[in-house]
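Data first, discussion second: the structure below is written as structure tokens.
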Amino acid sequence: SSAKSEATIKVALITDIGGLNDKGFNALANVGLQTAKKKLKVQGRVFISKSAADYVPNLSAAARGNYDLVIAVGFLMSDSLSAVAKKFPKTKFAIVDVSAPFMKGKPKNVRGIVFAEQEAGYLAGVAAATVSKTGTVSTIGGIKIPPVDAFIAGFQAGAKATKPGITLLNDYSQDFVDQAKCKELALNQIAQGSDVVFQVAGGCGLGALSAAQEKGVWGIGVDNDQSFLGKHVLTSAQKKVDQGVFQTIQLVTTGKFKGGVDGLFSVKNDGVGFGKVSPAAPPTLAAKLASVSAAIKAGKISKIPRLVK
Amino acid sequence: MRRLPTGARALGWGAVAFSALAAWIALPPVAVRSFAVPLALGVVAAALGIVAVRGGEKRLGFGAVAAAVLGAGLGILATRSGAANLEQAVVWSALLASMLRYATPLTFAAIGGLFSERSGVVNIGLEGMMLTGAFFGIWGADRTSSWVLGLLIALAAGALMALVHAFFAIHLRADQIIGGTAINFLALGVTGYLFIDIYGQEGTPTDIPAIPEVSIPLLRDVPFVGDVVGQMNLMIWLALLTVLLAWVVIFKTPVGLRIRAVGEQPRAADTVGISVFKVRYAAVIVSGMLAALGGAYLSIGFVNSFGENMTAGRGFIALAALIFGNWRPFPTLAACLLFGFSSALAQRLPVYSDSAAVLFQALPYVLTLIAVAGLIGRSIPPAAVGRPYKKQ
Amino acid sequence: MSERPVVLEMSHIRKEFPGVLANDDVSLDLLEGEVHALLGENGAGKSTLMNILYGLYHPDEGEIRINGKQVRLGSPRAAIDAGVGMVHQHFMLIPVMTVTENIVLASEPVRDGVFLDYATAEEQVREISERFGLAVDPRAKIANITVGQQQRVEILKALYRNADILVLDEPTAVLTPQEARELFDIVRSLTAQGKSIIFISHKLNEVLEIAERISVLRRGRLVQTLPAAGATESSLARLMVGRDVLLRVEKGHSTPAAPLLEVNGLTVIDDRGIDKVRDVSFQVRAGEIVGIAGVDGNGQTELIDALTGLRKAAAGSVTVAGTDVSGASPRAVLDTGLGHVPEDRQRRGLVLEFSIAENIALHDYRRPPASKHGWLFPARLVERAQRLIDAFDVRGGGPRTRAGALSGGNQQKVILAREIERNPKALVAAQPTRGLDVGAIEFVHRRLVEERDEGRAILLVSLELEEVLSLSDRILVMYEGRIVGEFPPTAGEEELGIAMTGGRREAAA
Amino acid sequence: MSEPLTPPGGEEQDTVAPDPEARATGLLGRLDAAHRVNGMLAPVLTAVLAFFIGGLVVLVTTGKNPITTYRAIFDGSGLNWLFPWVGGDDRVLAAVNLQQTLLLTTSLILVGLAVAFAFRCGLFNIGGQGQYLVGSIFSVWIGSSFASMNGPLHIALAIAVATLAGAAWAGIAGLLKALVGVNEVISTIMLNWVAVWTGVFLFGQGGPLQNDTQVSVPVSNDIVETAKLKVFWGDPLLQGLHIGFFIALAALVVYFVVLNRTTLGYGVRAVGFNPEAARYGGISVARNYFLAMAISGAFAGLAGAMDILGWQFRLATGDVLTSTIGFTGIAVALLGRNSAVGVGLGALLFGALLNGTSTRNLDPEVFKPELASNLTQIIVGLIVLFVGADLIVLWVLGRIRRGRRTVGAPA
């Protein structure tokens, strides 16, 4: 009988203005939905938001369309969602990167999908500090928003913990799209001695990785596993939005969905972590990272900052 | 018809020079640490500026005053900042290299616009034509696994886009600004569509042949210069060459004479048997090809991948640079360089203040405004630009 | 007078523009070495006919033969190749370019296969300008040379392309008597060298002087083609207008009263920093017409601009009806009661895209009845325009017609109507009859005299010596920015001509 | 489209001092053509043609019947609500869609006017985006402070301040043009970016206007309830249509009246057509350049206020960085030939297109979600391209006419 009920589950995914091709969390969320379609036999549909004016219409269109679960991607939709959620109390909602208890009106039918980016960042920081020869490593953020800063703060903590004397550079490209901007910043950081560049800028960040490749230094990917870009990608600080989305859908199919609370995705439940380690990296690195994440799982490493001071 | 510098004028430019000095002296290698120095210089500059205003050189004078404030400001900021920060922010060679990288795509597009507008066709579609070049450049390089063919395909694509613009602007006498806007929309859609359709989530592969850097042995070893231009992407040299060529073509050849004639007084050109249509078509298509080169530099010259809307407004900046440069090749290049330099600088300034970091992003635009308002002022477009030509 | 070959035959030409039948079954022929004059009122269809010959317009009907061969002149290129050259009524020159660039455009000499060979180009220009005696500076920018010189450039353009048939559309409209005379010499030398010329003009005396045969157009139809010998000004005028016109202005004695326009020590610097008006002083009193004669480019334009507030004077004062308006804004000057019929009616006098009604309101749209508290009353504008259109006999459109669609003469009437209707105390009229036909000229002149008799002070600035002589009560001659002499209207053309060309300089200084 | 005293738009578009010769002919041509095709026929036919071409693209790219696609877009725009026979759930949905379409139309009208008004003075205002942002920023600021203020007054204040701010921002460009002759294209492009980065700074982390509840989120405070514009159609919580729509319609009337029934408009148009003649007529060109830019900016600023007070209620740095409505305004103005009616229709067309082509209204089977936005971008591009080229139709009809005339030629 459960199989039958699963088949009828309808899931809507509402992207933010980044769209499906943001090479970031919108894309990953979609991956999660597609996997759910395959593995959980749910029906799924994506609503793309071309501008802020699309948030409410998309959310409410989905709700009106009798979707069982409506997933909003990104904190930009937080306020729009709290309004819509109030209107459609019977519909289940979820939102990526927003903590439900902190939403306006604390809607009971919205579940937060939040990530411990700082843990992934921490792992990246460890990796960076381990391979750095110059003693300078750097980060490039897109826009100064919570998830981005969490990555960076974690990275800096991890690097410091590994090499206390290490020099940390950090810039924001103020952009998630324009690769040239990130590349310029990266080149500048490399000119200042950085030999590991951690990109936290979505599509823009690809420019940073290309700079690393060009100048023969390490780059670290973000969000999804970007090792496919080449050997210069030391590893990736993964934020498995796809996992988050998939597991949240699963909660609905199994009838365990609960609103008003958050699903926290961390190293503990494999919601964040480090990606494939470059074959060119020191052979011991992978093991080291594994042990560090084990330590995080075990709570031996905690209190990793989410804010860049 | 530029007038010789009068006394006031000389004073004005002197003031500008002092303003620059005020900023420069506080930076490496000199890097005086006392904020009094740039302040003093700034005051002198401002004073000179005011005298210039009194002397009738209003615009230049006020421009100088603005420059003085800016220069002294930067200077003082520098003296108050940690020496380390300073070294970090102002690595002159890196700064200039970065300037050239920023300026290159702008230069291609702006010179492209120069051809189109000199012939009397407004081209605000530069943005779209750049984007087209960016995509088809990398697509071509990918398919043919040759960056040369990639460039050629980019040229062809740019030409095609331009042809559309030309047909509507010239034959159908559609409004040229609508046409350009439409081109921008179209290019965004077409490149985006093909990009996703062909390359999907992972985006363009990483093994696409890129336009090589050229490193010039002798030049490379010259102390300072070597760090800047010793090893540069081929396209940067090409851009500089393009400017030179454009100047020769426009001002030293019959072709250029005809282009200018058509842009100034199409009917006059017509009455001596020049085909206004042919000339305009040619000019617009050239502009499309050059803009496409600018885009191709971004995709296969600089970041070695493509992203939707990756030109991010550069076409419009190029347009501004063209007007700033008064529709002349070298001043236009200068405008692009100024813009490139301030962009490069803006990226390095956040070390001074995190909270105001984003504000520094506005520097290039503010600087351009001051420069245009203060020093350049009125720029005279080709008399017939934007006006469709109708044969009787 | 042996049999001369016919070089050009235009037969049964018809050309219709939306709403206008510009040419209707017009036939015209031209003999080798002949000067054939084309006469007609404004809008008679002269330019249209010639534009057809030059391949700019395509005739709806009719055919063209050159040297006996039928030709299709689909484009200017074709016309040029067929040996036709044309000097257009509105010059086809590019102001920002040099004389040489304008002349060689599209037939440039080339060096090393690609480069424009400026040296050779200038050489060729010098060569032909000497051969035909058309002195010009090959390096000067068009914007910086006088209209007369610009016209030579236009003629050189045609000759440079070895035209055998040369069309001159109202060439003398913009010339001084001296320049006109020079032009005639040029024309004669051209015909002597076997060139044939079609000469369009409104000036009957000129036509009679230069032409062998004369064709008269009226309302798009050919009225008659007759030999110049035996024709008289009045007979021609009758043919053109279809009625008798009086060619001499008849005006009673003037009774000058209080000065309404006073200029003292006026000095004006132009955009290029050259002092075009130097320490000029004069008065115009109520009820008199003061004419300013002078060769074009001797500071008249700058003087007018300074009087009307369009250009700040470097020194000196201007007083209108007792109020000092030195350095006042154009509006302020207008408000104190100065009227201004501008030199260039298309660039300055009218907003061509505006309707006639809107153009008539150009000065006082901010005042009742045109507007109140910033509110405009279009209906009133239309109503007033209709009145003036009737009063000034403006043909070719109603109040809502675009001013740009009117022919030159009617455009001028609109301007005149506007300026006079404001009932100004002093009126500055610059080139008031440039390019107008006899009928229109007669009208304008009559109005100016009437306004004088109304007690206005009128300053007439004209390059037409004849006009100045026939209208003015006093004549001031301007040379190189100075008033070099005052003459009575009885003075002879020669006398004035000498002063205008600086002959009286030492005497005045 | 044409008004008693002004020729139909299209020739207002010159951004340089007019040259009688070229204008007369180039534009005369289009004019009498326009007369031949009486009234709205040409624009309509060209629109049809445009959609036809767009349809071909759909056919090629998706292999599906374009008619159904357009049907979907049309229904998505909610315009089917106008058909009385549409009933039941469809009608409810249509209403919701139409509300969204008109919501977009509201601000598009205003940014369109911002471009159009400047054009009438011979100025090309690319700065609508920046002026819109400045307007939004100020209305957010006013709307989120003065919580104690009484509603209507608060709203009026927010609107007034935003409008003035927009005017001032554009006024900078106007002033630079008037005083030192700086080309407005440069200055407005630059001012756009300055506005963007200022906005990002204000609402970004640590920025002066960043919200004080979630310290880390780069978004402004919400405007207070009483500062929100009343929703007169649809659900206030679900972004229904607010009364700003009528303000926009009123703006169209104001635009027409100011241009054609006031001395101010007369001066603006005179300068736009022929600055030299205007100066001769006693109109100060500089003054009108400034006024025209300022008024343009006022429209754009008002647009910002409408969006903030009407449905957006807050600004995030992301919104500031990604909004492009100002540029759409250029197309709206030009498609509307800078005439009041035209701008209204142009805005409606774009509102309908933008809303109708949103993925929520298109079948994901036909439009792959990741491709949809690009595909619709192409269609919009084509429509702009062709609607801009009314001459296609004029040319054809002109031919037919001429053919007829030469047959039975009256003397």
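We just call them A, B, C and D in the order they show up, numbering each chain from 1.
By definition in this document, a residue touches a chain if its C-beta (ideal position, glycine included) is under 8 Å from a C-beta of that chain, and two chains touch if they have at least 3 such contacts.
Please read all numbers here as calculations on a predicted model, not as lab measurements.
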{"item": "Where chain A and chain D overlap in contact partners, by chain label", "value": "B"}
{"item": "Chains linked by the largest number of contacting C-beta pairs", "value": "B-D"}
{"item": "For chain B paired with chain D, centre-to-centre distance based on mean C-alpha positions, whole Å", "value": "29"}
{"item": "Chain A-chain C separation of Cα centroids, rounded to whole Å", "value": "76"}
{"item": "Mean-CA-position distance for chain B and chain A (Å)", "value": "36"}
{"item": "Intercentroid distance (Cα basis), chain C paired with chain B, Å", "value": "45"}
{"item": "Sequence positions of chain D contacting 2 or more other chains", "value": "21, 23, 197, 200, 204, 370, 373"}
{"item": "Multi-chain contact sites of chain C, meaning residues that touch two or more partners", "value": "none"}
{"item": "For chain B, residues contacting two or more additional chains", "value": "192, 196, 265, 267, 308, 358, 361, 383, 392"}
{"item": "Each pair of chains that touches, named by its two labels", "value": "A-B, A-D, B-C, B-D, C-D"}
{"item": "Interface residues, chain D side, partner chain B - complex", "value": "10, 13-17, 19, 21-23, 25-26, 29-30, 61, 124, 126, 176, 180-183, 185-187, 189-191, 193-194, 197-198, 200-201, 204, 206-207, 327, 330-331, 334-335, 370-371, 373-382, 384-385, 387-392, 395"}
{"item": "Footprint of chain B on chain A - complex, ascending", "value": "19, 21, 23, 27, 31, 171-172, 174-175, 177-181, 183-185, 187-188, 191-192, 203, 206-207, 210, 213-214, 228-230"}
{"item": "Touch list for chain D against partner chain C, complex", "value": "4-5, 7, 11, 18, 20-21, 23-24, 27-28, 31-32, 35, 260-267, 269-270, 273-274, 276-284, 406, 411"}
{"item": "Chain C residues within the chain D interface of the complex", "value": "18-19, 21, 24, 60, 90, 308, 310, 329-331, 333-335, 340, 342, 346-355, 357-358, 361-363, 365-366, 371, 374-376, 378, 381, 400, 402, 404-405"}
{"item": "Residues of chain D that touch chain A when the two form their complex", "value": "93, 96, 100, 103-104, 197, 200, 204-205, 214, 216-219, 222, 235, 237-239, 307, 311-314, 316-319, 321-325, 354-355, 358-360, 364, 369-370, 372-373"}
